[in-house]
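The following blocks contain the structures, represented as structure tokens.
The following pair of complexes shares a single chain, subunit A, combined with subunit B in the former and subunit C in the latter.
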Partner chain A sequence: MTLSLSNIHKRYGGLHALKGVHLDVPEGAFYALLGPSSAGKTTALRVICGLETPDEGAVTLFGQRANDAPIQGRGLAMIFQSFALYPHLNVRENLAYPLRRSGLSSGEIDKKIGRVAETLNIQHRLGNRTDQLSGGEQQRVAIGRALIREPQVLLLDEPLTNLDAKLRDAMRVEFKRLHRELGITMLYATPDQLEATTMADQIAVIDDGRIIATGTPQDLYHAPPDARVAQLVGSPPVNLVPIQDRSTAGTWLGFAQLAIPAPEGTVCAIRPHDLTVATGEADFEGAVVLTEALGDVSVVTVQVGDAQLRTVLYGADAARVRIGDQLPLKINHAMYLPAAQCAQV
Partner chain B sequence: MASGFRTHDQAGPVRTFFAWLVGIIYFAPVFWIVLTAFKTRADALAIPPKLVFAPTLDNFRAVFFQTSTTGEVTGSGVWLYFANSAFIAGSSVLLALIIGTLAAYAFSRYPLKGNDTYLFVILSTRMLPPIVVIIPIFLVFRLTGLSGSYIGIILLYTGFNLPFSIWMMKSFFDDLNPEVEDSARMDGSGDWSVFGRIALPQVKAGLAATSVFALILTWNEFIFALLLTGPETRTVPVAIASTIGGEIGVDWGKLSAMVSLFLIPVFIVTFALQNQLLRGVTFGTVRK
Partner chain C sequence: MLWPSSRTSCCATRIACSKPMEKAVNQATLPPKLPPAFERKVEVRGFLQWINAPERRGALLVTPALATLFLINILPLLWSFGLSFFNYRANRLTAPKFQGLENYTDLLGDDRVWERFVTTGLIVSSSVALQLLIGFGLALLFAKKFPMRRLALMFVLTPMMLSFVSVAIFFKLFYDPTLGMLSWFISLFTGESFALLATPAGAIAGIVIADAWMWSPFVMLLVLAGLVSVPGYLYEAAEIDRAPSWKRFRTITFPYVKSLLLLALLFRTIETFKTFDLVFLITEGGPGSTTETIAIYAYRLGFQFFRTSEASALAYMILFVVIVLTSIYLYVVKQRNASEGV
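Moving on, here comes the complex of A and B:
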């Protein structure tokens, strides 16, 4: 393992930010740390890079205990949410700053800056002040400054949160390309499940200071360990339906009957994609209360009894649906998941 | 930006008029003093006041030279007071700025338990009017032999400028993005390097604003200077005060000439730092 956290605790006064975090990041992985805001993502990254010292537990880097290792010696670089460029220095000086104490000659430094600037396509901006750059260019400079020291691990703290949607799509591709070309280990903290599932090959879901699930994006989508993880992975978000009546004969949801019996302490989770307009016999009918058109598909919310369910409609169905329509729906696949303590739609 | 707000376009004639009006009201006393400095005694005391008169340099001559009863002309020693003022104000502002900036950074980045209490205590030393503390300070100065010495008055002014410097510089450091400093740590900088190479260059405007305000306060200070400086360390405000009175009443012309000269250094410093200063005093009023 390139990087391991074992039973990490971190408290800030009365706030217990990390409550026994375990994390193993293999070499060369693109690893996402997915969780809602204030789940502990940033704190976890700060503990790894040494900006914070854990109260308990062990940080292991490249097989060696690194709890008290100096920040510079860890072979890590970090990209901050705010980009954290040095505002009083121009782009070239920003890129040169990490090399200041490396003992390189100015010729070698210039060569490295040139190479990084070319990789990130910011050659023409080297003489500019950082506040003259666009958001995307600032992001590139931040990436360049992190990569110029050739770190073995790159930590990214919500690097796309401050960018507009279009740029975010472009930068996602860019991060994938950099990961492929440089082959370094990346640990990527994000609250956005789309970023995590599209970019990462492994995801750790963090919530309330604990890692609550790890696995590939497919694993977490198709077989989440509990309802909370199901909520955090997948878009549009999963439908969680409390079970009204369980018996050996089947499960009653209050509006539909499922054949498979549900274990105690579970809720029923139905992915919006698994809820389709019935062509034959419908499981239930729901009244359309909201439609969100996303081009070729529409996310439609239907009301059935007390429950609101999301479904995804395609093609002609998507174009036709209107608020107030009664939709005959069929449940193609449902999961029974242990109700997590904080499952709240 | 909401419509109806002027942003970067030029001010309209009404706003320009009022800006000028306020400016003139503020500047009028200074203008009057400078005018009086060039008036003869008769012109200075004329009622109604004269705006048009024959200017004279006699008052400035009186500031720099004195004529004894035997008609002998000697230097008045006013240069010493100007040198004293410059040296005392300059050193104490510099000291307060160095110590205050370091303290402010520490208060901002490495808060202690009860940080706010310490800051309040530091500020509370400025809540007493100087007249209240002058007697104990006078006794302390006499006891320690600091009375009349440069070091004594410089230390006192440094102490008086410190709370202001700490509070002001802290607000500048508080407004910086801490991730920038974290980033510098990741890039291999130690604490001192982060402070000197990353934090300090970002608060240049704050340093300028703080030093100008502290300089003006110190430059103009009168009561401590009056009681705690000796003949060799006397500052200009005390010297100005001593020209008031005498057998012929107040010599307004000489007084104004001295005040005019006294304003010049502060004017120069303020103009030199004007660009930084404007950013300094408006800092924090607009979020980026």
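Moving on, here comes the complex of A and C:
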């Protein structure tokens, strides 16, 4: 393992930010740390790079215990949410910043800057002050500054949060390309499940200071270990329905009957795209209360009894649906998941 | 009988133009003959109404302030500027005679004036340098968190809030050869009393120390404002980028503080250049005239030798120097901003 955390605890005064975090990042992985805001993502990254010392537990880097290793000696680079570019230096000086004490000649430094600038397509901006750059360019400079001394591990703390939606799409592709080309280990903290699932090959879901699930994006999406993970992975978010009546014959959800019996202590989770407009016999009917058009698909919220369910409609269905319509719906697939303690449906 | 008719007329006037007609109604309802005193009162009230009208009210409200400013500030300023071209002496009754630029040429040709300028420059440069150094150091100290920080900050800021007179008297006593603390402390080692202000160099040092003691907190406040505006994540990024601490200071901290430091330099240079009270109370310009600053010389010219016109001319020369200093500062700031593309 390139990097691992075991049983890390971190407290800030009365706030228990990390409550026993275990994390193993294999070499060369693109590893996402997915969690809602204030779940402990940033704290975990700060502990790894040495800006914070953990109260308990062990940080292991490249097979060696690194709890008290100096920040400079850890061989890590980090990209901050705020980019943290040095405002009084120009782009070239920002890129050169981590190199000045590396013993390289100025010619070698120039060559490195040229290479990084070319990779990130900012060659024409080297002489500019950082506040003259657009958000995307600032982001690229931040990436360049992190990559220029060729770290073995790159930590990214919500690097796309400060960018607009279009740039975010472009930068996602960019990060993926960089990872493929450089082959370095990347640990990527994000609150956005789309970023995590599209880029990472492994995801750790963190919530309330604990890692609650790890796995590939597919695993976490199709077979989440509990209801909270199902909520955090997947967009639009999963429908969680409390089970009204369990029996060996089937499961009663309050508005629809499922044939497979549900185990004790579970809730029923239905992905929005597993809920489709019935062509034949419908499982239930719901009244449309909200439609969100996303182009060729629409996310439609229907009301059935007390429950509100989201479904995804495609093509003609998406164009036709209006608020107030009664939709006949069919449940194609449902999961019974243990209700997590912190889940709020 | 009166009520209905007045009411209808009121309604009618409101549609047309209200004011004159309402007056007419008022006059109609008043008794036909008024005593003369009462009529005068109505006149006064009319004037007050006229001057209190919304379009005149703004001017009315600023007039007292403007008048005061003009009388006690602008008029004497212009008056003294005029005086500087005459041979007026405030203790003579003879009519002043116009003599053009003679006061100015006399002063510029006077060695004593140049000596005073040199003395002032010496005090200003050493005091301001000391203030910037101590102020910067204190700011670096107070930018960190430590126990009792707020209390310590309060004590450090106290000198700045004292009046010149109390600071001057405090230092005069502190330096006093027979009962001062400094003399007592040095006599512990030498066995003799010590008169700091007796030698020219010692007197200048005494003034510089008093001035720096009083005004270093001011520099500290300005620099501290710059220091706390540095975002913490920059230091974290620099640490991860393996920058040593002196480099973090040079590339992150100092650029944030630089412009405020320049501002402190300007403020303190101008203020110290004009210093009068502190020097006058501590040394009265002595020993001899070795600590006589240009401001004290202007005072002596005006109020001890009663060469009023010459003193006015000297005051205008001081103003000129201050304006030049300020212009240089503004020029430097503008150049820097232009080169940084702000």
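As a convention for this text, the second predicted complex is superposed on the first by the 344 of 345 C-alpha atoms of A that agree within 3 Å, B and C clash if a C-alpha of one lies under 4 Å from a C-alpha of the other, contacts with A are read in each partner's own complex, and residues count from 1 in each chain.
As a convention for this text, a contact is a pair of C-beta atoms (placed from the backbone, for glycine too) under 8 Å apart; a residue touches a chain by one contact, two chains touch by 3 or more.
The structure displayed is predicted, hence computed values, not measured ones.
Engineer: Putting subunit B and subunit C onto subunit A via the overlay, clash or fit?
Structural biologist: clash
Engineer: Using the superposition on chain A described above, determine whether A:323 touches subunit B (first), subunit C (second), both, or neither.
Structural biologist: neither
Engineer: Could you tell me if A:145 is touching subunit B, subunit C, both of them or neither one (first, second, both, neither)?
Structural biologist: Touch status of A:145: both partners.
Engineer: So, does A:289 touch the first partner subunit B, the second partner subunit C, both, or neither?
Structural biologist: neither
Engineer: Quick one: classify A:129 as touching subunit B (first), subunit C (second), both or neither.
Structural biologist: Only subunit C is touched by A:129; subunit B is not.
Engineer: Which parts of subunit A are in contact with subunit B and also with subunit C?
Structural biologist: 49, 51, 71-72, 76-78, 80, 82, 84, 86-88, 97-98, 100-101, 145, 149
Engineer: Name, in rising order, each residue of subunit A that touches subunit C in their complex.
Structural biologist: Of all residues in subunit A, those touching subunit C are 49, 51, 71-72, 76-78, 80, 82, 84, 86-89, 97-98, 100-101, 129, 132, 145, 149.
Engineer: Using the touch definition from the top, list the residues of subunit C that touch subunit A in their complex.
Structural biologist: Against subunit A, subunit C makes touches at 231, 233-234, 236-244, 247, 251-252, 255-256, 340-341.
Engineer: Spell out the part of subunit A that touches subunit B in their complex, as residue ranges.
Structural biologist: Within the complex, subunit A contacts subunit B at residues 46, 49, 51, 71-72, 76-78, 80-82, 84-88, 97-98, 100-101, 145, 149.
Engineer: Where on subunit B does subunit A make contact in their complex?
Structural biologist: Residues of subunit B touching subunit A: 177, 179-180, 182-188, 198, 201-202, 204.
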